[in-house]
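Look at the two complexes coming up: chain A is in both, with chain B in one and chain C in the other.
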Partner chain A sequence: MIGFIIRRLASMVLVLFAVSVLVFAIFNIIPGGDPAVRMAGKNPTDVQIEAIRKEWGFDKPVTTQYAKMIEKTFDGQLISYSNRENVLERIKEGLPRTLSLTFWSSLFMLVGGIALGMLSALRPNSFADRTINAIAVVGISLPVFWIGGLMSYYLGSKAGIIPAGGYVSISEGGVLDWFWHLLAPSLAISFLFIGIYSRVLRGDLLDALRADYVRTAEAKGLSKRRVVVRHALRNALIPMITLWGLDVAITLGGGAVLTETVFDLDGVGAYLADSTRSLDVPPVMAITLLGAIAVVVMNAIIDILYAYLDPRIRL
Partner chain B sequence: MAEATQPAGVPASGTPAPAATANVPDPVAAGLWRASWRAIKSSWAGRLSLLTLVLIVASSLAAPLWANHVADSGPLTNHLTDQIRLNGELTDVVSFEGIPIGPTGQKRFFLGADANGRDIMVRLLYGGRNSLQISLVATTITLLLGTLFGLIAGFFRGWVDSVISRGLDILQSTPIILLGIALGVATALGGINLGIVKIPGDSLFIPALIIGVIQTVYVARPLRGITLSLRERPFVEAARSQGATNMRIIRREILPNLGTSLLVLAPIIFAQTVSYEAALSFLGAGVQPPNPSWGTLISDGLDVLVSAPHLTIIPGAVLAAMVLSLNLLGDVVREAIDPRGMVAAAQKDEH
Partner chain C sequence: MTAPTAPTPAGAPDAASDLLLDIDGLGVAFPSERGPIHAVRDVRLTLRRGEVLAVVGESGSGKSVTALTLLGLTRGRGTAITGKAEFDGIDLIGASDSQLRRIRGKRIAMVFQDPMSSLNPVLRIGHQIAEQIRAHEGVGKAEARKRTIDALTEVGIPRAAERVDAYPHEFSGGMRQRVMIAMALVCGPELLIADEPTTALDVTVQAQILDLILRLRDERGMSVMLVTHDLGVVAETADQVAVMYGGRIVEQAPCDELFADPRHPYSWGLIGSIPPLTGAKPEYLPTIAGTPPSPLALPAGCPFRARCPHEFEQCAEVPPLAETAGAPGHLDRCWLPIDEKRIRRAGADGRIGLLHDAEATTEESA
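== the complex of A and B ==
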């Protein structure tokens, strides 16, 4: 097990390096004009551009430029040139909001995915199964920024059923108000993923129910519920949970750009959206890098957890 | 054809069985289109989605017709200071207070105007045109690149496979939406300059290229798995024993057998592409203003949701209908030509 963890962490470090090179390449190597001009934002002066060129080492070799990018991203000195905001500070401000959104949406996704997936698999091709399938297709087809925007206006501002958007922290409004403000955006995100998860789980659970060990369990006279929950479901859950883990990491790393924007949550994703709209490069670069890191690290954690749960993986 | 009917012969000259064991859909390439068409025709979901697709595509193609002959205004033409005759009265297109005219139901400003006095109907049609053009180019790029990398990695294996697979790993460990945004922001100002070819930052080709490239993984992965197991099939063995070169085997034996997978993947990839295009344009990292696209139209619409909800609802509904139809068509086609879900399996057990 120790050996596996060391190997997995080593490969994680390699991938982290590769991902950082990828982000660097996007902003520095793609030929499309002067990177200093790009960094400077929409209406820079010549003096600013020159200063940025010096600061980021754009007149130096690529290796120096790469080192500069990493240094600037992590030492907390990264500044947006459009509005002089400290990027890392701003990300830290948004993080609790994004974390809260991730918490509730991942909970909904997991519970909803398992419930609907089981419902489908236990009665394949039934009315319920076909309805869930239809919901899944609609879920992956509806643009979240459209449905979210409409939800926040019609159910929020207009009907007053849910808050129209915004974030209330636990210390400000208590747990209930905190949850109440996150309900609609979490549901909007989960709607998409519940559909995908339920389909994935349905397939794997159907496979598992046909497996020999399930027949053995049934032959032993175990109750249907025990066979499904303790034997089949446990194995069938693995692929779904893997997907779930990655999606949680993506939401955490600012991937809920669209949802955070339309529900005015002002987390990391919304910050990314604002910066994108003003073509403000430093925050976009930092969030892409941090988001990728979150996903890579999460990936490693999932793998190690599985290796712990399922000894076959350690081989 | 003779190659395919040759007896299987002895196992390959020392080549071990491949590690990946993805099953390969049956090679019925000739009947693929016919089988898909029959399935689409015989299910109401298939017919309805095909009809929706045709309607959306046709109306987008007809954008210049509407613009020139009905609305008499281009997608970027401002009418800030113009007046039109509405119910016999001259009305400002954009009022003194800056409020644009609502849906007129007439030829001009059928769906009303936006804050710049541009004809929304014209912009919607052109927006669809832009979105579809980008998605079509991007899907083509994804399918070509994905087939190329998947085929090369699966066929040649060894270090070529390692390099390509690790590259795909890295691409996949970055959240795709973040990757798209980063690329969009990086290229929006200066465009892409490759020396000989220079693409300006506001070109539609840039989002097409970005979306095309970032989705490569979704095609390359399953095709690599399928190629890995195809290359061990007896008919490849037979061709090789007759002295066929690698190029010939790839062209004549492997490529035709990837048809099913490509046909199953194409509508889903197309649907995803349309979604990504809308999302990136919505965020400002795709189609650059003032060019319209479904994404930018929704983004503009949400700003005036209170006064003019139809500006959000209509482009979003068209976008959703487009993506939904493509996904449904994808489902129908997959069930018809890949009933055992082998392409999906190859997508899943890939490492």
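== the complex of A and C ==
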């Protein structure tokens, strides 16, 4: 276990390095990437631009600039180029919103994926299976900004059934209001993944149900429920859990850019979208690194879960 | 339908009360895109208490399907199961799933071919055995665990009290099959169905597993239905033998009788293909020419017709499984008259595919 943690930490350092170099390089190469020109405002003089370059260190070699940015990121001193606010403070404000969204959406994905996948696999080619298949294909095909927009407009603004957007924290509005504001965006994210997971689980569960050990379990006289849940499902869940873990990590790391924007949640994802639009490197760098950390940590958690689900796997 | 029989009066045991398993006219057909696959047709078998019945045949002969059907494990969408299979008076074909569930693992237990894949890889073996006890008997966890350890000890697993918490991948193949047997026997079944229990194991382990099954049969008076393609195993263990081919039983006899006086040309081929231990070694091991028929396209008439060197006009019709003169309990499904069989067999010597050689030798010996 200790070896496992050390290996994962080492790989995290490598991943963070690679990701940060990539982000930094992209913003240095793209046209209009020079932050000094943008920061100088409209019709700046060369002298003004030069002054900004000096002040922010843009005249230093690229490697120095990179090292400085990484240092500031981990110091908590990173400043936005566009509005000069502290990036990490701003992320801290957005994080509870993103975490809440991740919590509910990952719960919906997991429960929905398992429920529909099981329904499909237990009666393959039945009416229920075909219906679920159709819903899954639709869910996979719907872009989240479209379904999210529809939900926000028709169910929210027009019908007034649910809030059209915004975020209410538990301390402000209580658990119920908090959940109520997150319901639509969480569902909007989940549709796609429930569609994918139910298909993945259906296939794996059908395989497991045909396995010799399931026949043994039936021959022992166990109840149908026990055969399916204890013997087949546990083996069939492993691939689905892998996908789920990665998708949770991506949402957590600000990946729900579209949903957060459509529903005006103003979380980390929305911040990432705003910063990218204004070519503001520091927030993009910080959020990308946060996402990378989330993916690496979540991967480690999945691997630990694997070892629990399948004792043949050694960490 | 027969009228419900009155229970046998106590203290007057007769042959009928001894009868544990009574299969008659059993047929199993699986659906497929090209029409039903008749995996088993018109199977008649009986098994008395304490007896070992071997069901022999090559792959696809229907022997495993017959065994699985007894536990309802071939049930499924579109599977047509016909005929009668009674276990101690209980109709196994008509039983509901929940009725069958109470019999499975409790009164009829099964050991499968491949111990590598038949145990759930992600659950501790102790758990897999204990959950069976708890499914059938209202015992607590501690009691179930104690009985699991006893069962593992009984089948010869060393340090059972520690090994009970191990996972299947921590055992060798032979040890896993012992675990399977412990699992099968833990609720004290009256019938053990063993579907090729030694096929996946190496020879020394095979012998140990067979000895174990026979020892437990002797100690418990349990009946055993042994499905196998290994005639060596049959000769060592069985009281009764049924030879299956193309979904049908082609010959059925007490074990010694079958080896001493096989009646069906397919049985000759099976017995003839065993290498002799004494005398001159044959240059080539005798084989049965041809391949088993596809269950989708079984020939009309005798299923063995296409491979049988002794085929004649009458074989276009399915022969009945009939007793031939002089040997009660010895049945076979072949049109040849008994004298003719004995003459032809003497020359066949297993080289059943070599019709001309066989005929030549027959002439010499005649």
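Structure notes:
By definition in this document, the second predicted complex is superposed on the first by the 244 of 315 C-alpha atoms of A that agree within 3 Å, B and C clash if a C-alpha of one lies under 4 Å from a C-alpha of the other, contacts with A are read in each partner's own complex, and residues count from 1 in each chain.
Heads up, the rule we're going with is that contacts are C-beta pairs under 8 Å (C-beta built on N, C-alpha and C of every residue); 3 or more make two chains touch, one makes a residue touch a chain.
Note that the structure is a prediction, hence the values are computed from the model and not measured.
Within the superposed three-chain model, A:L142 lies in touch with chain B and out of touch with chain C [touch as defined at top]. By the touch criterion defined above, A:P239 reaches chain B but does not reach chain C. When the two structures are aligned on the shared chain, A:T259 is found in touch with neither chain B nor chain C. Touch criterion met: A:T288 reaches chain B, while chain C stays clear of it. In the superposed model, A:R226 lies in contact with chain C only, and not with chain B. By the touch criterion stated above, A:T73 is placed in contact with neither chain B nor chain C.
For chain A, the partner that touches more of its residues is B, with chain B and chain C as the two candidates. Looking at the shared chain after the overlay, A:Y213 reaches chain C, while chain B stays out of its contact range.
Once the two complexes are overlaid on the shared chain, A:N299 sits against chain B while remaining clear of chain C. Residue contacts after overlaying the shared chain place A:D310 against chain C, while chain B stays out of touching range. Those residues of chain A lying in contact with chain B across their complex are 15, 18-19, 22-23, 26-27, 30-34, 37-38, 42, 137-138, 140-143, 145-147, 149-150, 153, 157, 203, 239, 250, 253-255, 257-258, 261-262, 272-273, 275-277, 279-281, 284-285, 287-288, 291-292, 295-296, 299. Interface residues of chain A facing chain C in the complex, by the touch rule stated above, are 211-213, 215-224, 226, 230-231, 234-235, 309-312. Contact residues of chain B toward chain A in the complex are 166, 169-171, 173-175, 177-179, 181-195, 201, 271, 275, 278-279, 282-285, 298-299, 302, 305-306, 309, 312-313, 316, 319-320, 323-324, 327-328, 331, 341, 344, 348. Put simply, chain C touches chain A in their complex at residues 71, 73, 97, 101-106, 109-110, 112, 114, 117-123, 131-132, 135-136, 167, 169, 180, 183.
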